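Each of the two complexes below includes subunit A, the first together with subunit B, the second together with subunit C.
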Partner chain A sequence: MARPRMIGDHGQAMALVRTPTKAFWLTALLLVAFSAPIWMSNGLLFLLIAGLAYVVGAIGLNLVTGFAGQLSLGHAFFLAVGAYTATFISSESTGTTVGLGIPEILVWLPAAGIVAGLAGLLVGPIATRLKGLYLAIVTLGLVFVGDHVLREWSSLTGGVGFGRAAPDPTLLGIDLARTGPILGIEVARSALLYWFSLVVAIVLTILALNLVRSRIGRAFQAVRDRDVAAEVMGIDLTRTKLIAFTVSSAYAGLAGAMFAMRLETIEATQFNLLLSFLFIAMILVGGISSIPGAIVGALLIATLPSMAGPISDVVTPIFDVLAFWRGDAGFPLDTFQLEQLLYGSLLITFVLLEPRGLMGLWLRIRNYWRAFPFSY
Partner chain B sequence: MTFFLQALSSGLALGTVYALLALGFVIIYRATDVLSFSQPALMVFGAYWTVYFATVIGWNFWVALVLAAVIGAAVGWLVERVLLRPLVGRPPFSAVMVTIGLDIVLRVITDDLLGISQRTVGDPFGLQVVNWGGVTIPRSNIATVLGAILVISLLLVFYRTTKFGLAMRAAAFDQEAAMAQGIPVGRMYGLAWALAGSMAAIAGTFISMGNSSLSRSTWVFALRALPVIVLGGLDSIRGAIVGGLLIGVIERMVGAYQPGTAPWLGAGFEQVVPYIVMVIVLLVKPYGLFGTREVTRV
Partner chain C sequence: MAITRPLGTALPSTQDALPDEPVVVADDVSLGFAGVTAVSHVSYEVQPRELFAIVGPNGAGKTSNFNLISGVYRATSGSVCVLGRDAATMSPPEIARMGVARTFQNIELFENLSVVDNLMLGRQQHMSYSTVAAMLRTPAVRRAEVANRQVVEAIVDFLDLQPHRASLVGMLPYGVQKRIELGRALAMEPKLLLLDEPVAGMNLEETEDMARFILDIRDELGITIIMVEHDMGLVMDLADRVLVLDFGEVIANDVPSVVQRDPAVIHAYLGGSGEDVEDAAVAKVTG
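So, the complex of A and B:
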């Protein structure tokens, strides 16, 4: 008798959607995701668009740090490369800034990915010579050098304190930023932008899932687990690390462009070390070396600002006590500081208590219930 | 020539502070194989207590500095005990991540303590200068150099000659062998963090003396000590001192000459010079000038 749910060969074991249950929940999730503009508030949807950009960036960082084991603190730099490539191509030249004036998103979005990927390819050779923490510090240096370049290159960035108009998303002549009902249905503001980001994020997720299931993905993990052993087994270390850096940077570039397109203006100082730390927090909270983990972590971190209000009510009195001696005590922490406080604490908590992040937590819950009422 | 000597003197002062900070990183790294990214926050947090004792309560500056160093040590010890001890035996990567998280959280707290204004640390030097053969040197710089030399010498004497120093070195060299000899390795880790915490507090105070002050942006100084330790080698004490002086002098030299000779590099270029020097050195010597080469075994 045929057993329809038995996994019989390698192809089935590596399939993206292995069980009917998974297929069911995935479909449900996609339905919820695509219908979000109809039932979600403007503010939350706006956060989610940023969240989708974060998803792409976090997947990129997880590829190089989680899968290939190369700790990179330079993610913010590659985001900046992507964001400014997009802006340069899409915006018109003005008196103070330069631009090509091609608002077509199908031109500037891939370009952002390609240019950032090339930047990763340029930095890669340094990375292949260095190991572990040395690499982390060098990539940290990259953020500071990049920050300096952006501050000074005012014809590209508009200068510190001014910034320039963010890229205008136009898909095949349709302005994605337009408002109003679509096909007669009332939707939240920037719904088109959200749908476009969602599709891009899904496509990039599938690409990443395919990459990590392939020969290259296994090479990444071999290099992470024991680079000498990997080399002995015939894996080209230099080539593997270069691929990891290039792909990760390309993802970061796409994320930077997606992040920029939802804003009115972008400013050079946004792309600092804290942004790199934010991405580190995403993959650690979500689940290191797990693509779904990166997605969950990115969405969680992106929606933190919406929790800032209630947290502020709790935290502000404590901080007032701390700053007892100061005349100007009592002003609340701003959203940005609260967000930092939250993701910093989340980062510490997860590394200490659940190193595999939310994904690890989920696996534990699932495995417990799978065999319920038996413990194994 | 005067111009050159002036830049050199301020570079040396900056360099000794970098050396202090870098020693903190190196001591932690040698003991625990962890690179502490929370040093910037510990530095500003420690220096804040100098501000508090010296300017708010109004005690003598040196007393305040010593108290700040003690508080810095206590915080360092506490951090190790609470956040890092549970991670012993796990990959260093996890511990590094915890220090990043701690840096973010502690910095928000310190920012709130400091408020948005610039705060003087209450040092007795102010803007006084001495004039040596046409070279004007701020008194605070001289105090910084002498103070840093004193602290570093004390540390080296402690590390090289005392029983505790020997135990720390043994624990850093081989955990298991040290434990077999009856050395409380965990306590040595705590000691390393305490030393690093107090040095961060002292460095933070020194860097805010004279015509500068302590503010929310002071923390980036500590991050510029990272190129220093990479330059010298993550595990080399000598490297931290030499690298600190080298980076300090190069940074101030570039700061003095670059606006005149290469203005196109932009304002504030000297602040990224440490990173550029670091990358160049690393391309030639991947383990820094004095770092221990990693032995690869299959």
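So, the complex of A and C:
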């Protein structure tokens, strides 16, 4: 008789969910995630939908930067490509903007991924020749080029300051943006949109997890750690980097479309360097080179604004007491400033104290408890 | 420790696959870097199933010869033929795919990956599924992964790496890392194995273990081995033939017993030319 819980074959050893304990916690987590619209407030759910888009984008960035080791500051560019592909396909043409008027999400969401992936494939050949800081500079340039193009191309973007209607999510004829109770159960606004985003994020997470435990994912990490040795192993460096760029850009494109669909209007100037840095922050805080890390980091960064509110409630009275500050411009801090402060301090704290991010923190805690009752 | 497991059940022997012509033919090869001549008019042949050692003082061009064979460097003049093809016309990955594996003088493992993943990277060229298939984890991908994992586990058994299988390579001691690097090269199912200082920095026990592994690899799998090593005792005991280099030039190329009494070799290793040092030199080179 086989011993219970023993891993018996290699297939089992390489499975995503290896132990009953993991399966239990994963099920619990999924239950909480899927039931969120029932117990969560409108505001927080709205943040979470953005969070799910961030999750997809952060996984994409972690593939190219965390796993393949190619530092990319151009993530915002690929998000923009995805967002505007989606908008172009889903919105009707108006007097000032062009569009195809196909609101079906199963058309424009994959299209956003494919077009952004192709954009990554086009930029790839330049990017694969460079390493480290030089690559960062080139991808930085990409953001500025993209930003400029979007500002000028007003038939696509509707022009700076105006923007255009965001893509309309319609799944097989059902408007995902509609509100009201579902099957008699009272749910938060945009519950359908949330559930759809959740399913997309889960599917893309599984695809990414499969990728990183395959020969492709191992090649990514080999290229990152030692490229000479990787070449002698028979790994084609250029090809591997190109794959990383393409897949990462496709994820960014999907994220851009998911991010745009929850908005009323999208504006050309929001895909800037700050957005790229936000994604770097997500994978740094969550955990470089870890898919769960990217997810945790993205959700944390996405929900920071909701934490900034309560913190400012505490901080503002303190500033009020310190009356001499009130005469200065900019004090007390408003919520936006506090948010920026939080991002900044999170980044600095993690880079200094735990470069492996929340995942590294979790590993420490887990190993501590594994070793726990100490034998003294 | 000394138990040798039948590695041949997991890795096919190259005994039959190898042609009878030489595995490596270096013909009047030179290699220079901006004024420095690393390799100068070197010619040698390595026969199938031979354990061929390259020795020489520091800077003699031993590792440069390896880099010429594995395609990392291109010869300035002359040619290196590997497994019947000109190495200068191929990229390092192409040469690797032909069946040339190597280890490095300074360990070049992927430190952030586990032992098993490092060995799986050696299997890279034996898996060919596409990126899309990998993301979907199709049954074919799963089969390929399991089959290759079996080979890797056989190598883990052979090299006694079981306790370290899941550890990150960067955390393991030096001697173990050397063994892992040998395992990774072995996982490639090479026809030609290049070992760059396999026992450098090892103690006596680790050296003897490594010597046993090297002999087993040659005898059980019939892999041709070229070895660069400073440990003269090991070289003289193991090698079928020894090539001695000094300042990029060949000064001897023969069986160990002849090489270790060659005056030019003794001169290269100890300097001077006096007869008085010769006895001491013979003792030194013999190890």
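Note that in this section the second predicted complex is superposed on the first by the 345 of 376 C-alpha atoms of A that agree within 3 Å, B and C clash if a C-alpha of one lies under 4 Å from a C-alpha of the other, contacts with A are read in each partner's own complex, and residues count from 1 in each chain.
One rule holds in what follows: a contact is a pair of C-beta atoms (placed from the backbone, for glycine too) under 8 Å apart; a residue touches a chain by one contact, two chains touch by 3 or more.
Only a predicted model underlies this, so the values are computations on that prediction, with no experimental measurement involved.
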Which of subunit B and subunit C A:Gly234 touches, first, second, both or neither: second
Contacts of A:Ala268 with subunit B and subunit C, given as first, second, both or neither: neither
Which superposed partner A:Ala302 touches (first subunit B, second subunit C, both, neither): neither
First (subunit B), second (subunit C), both or neither touched by A:Val55: neither
Superposed model, subunit A: greater residue contact from subunit B or subunit C: B
Touching partner for A:Ser289 - first (subunit B), second (subunit C), both, neither: second
Contact residues common to both interfaces of subunit A (with subunit B and with subunit C): 228-229, 232
Residues of subunit A touching subunit B in the complex: 71, 126, 129-134, 136-138, 140-142, 144-145, 147-148, 151-152, 228-229, 232, 273-274, 277, 280-281, 284, 319, 322-323, 325-326, 328-329, 333, 337, 340-341, 343-348, 351-352, 355
Subunit C partner contacts - residues on subunit A that touch it in the complex: 9-11, 13-14, 207-208, 210-211, 214-219, 221-222, 225-226, 228-236, 243, 247, 289
Complex contact set, residues of subunit C against subunit A: 70, 72, 91-93, 96-97, 101-102, 104, 108-113, 117, 120-125, 127, 129, 131, 134-137, 141-142, 145-146, 149-150, 153, 184, 188
Subunit B - residues contacting subunit A, complex: 35, 52, 56, 83, 86-87, 90, 92-94, 96-98, 100-105, 107-109, 111-113, 115-117, 223, 226-227, 229-230, 234, 265-269, 271-272, 274-276, 278-279, 282-283, 286-288, 294, 296-298
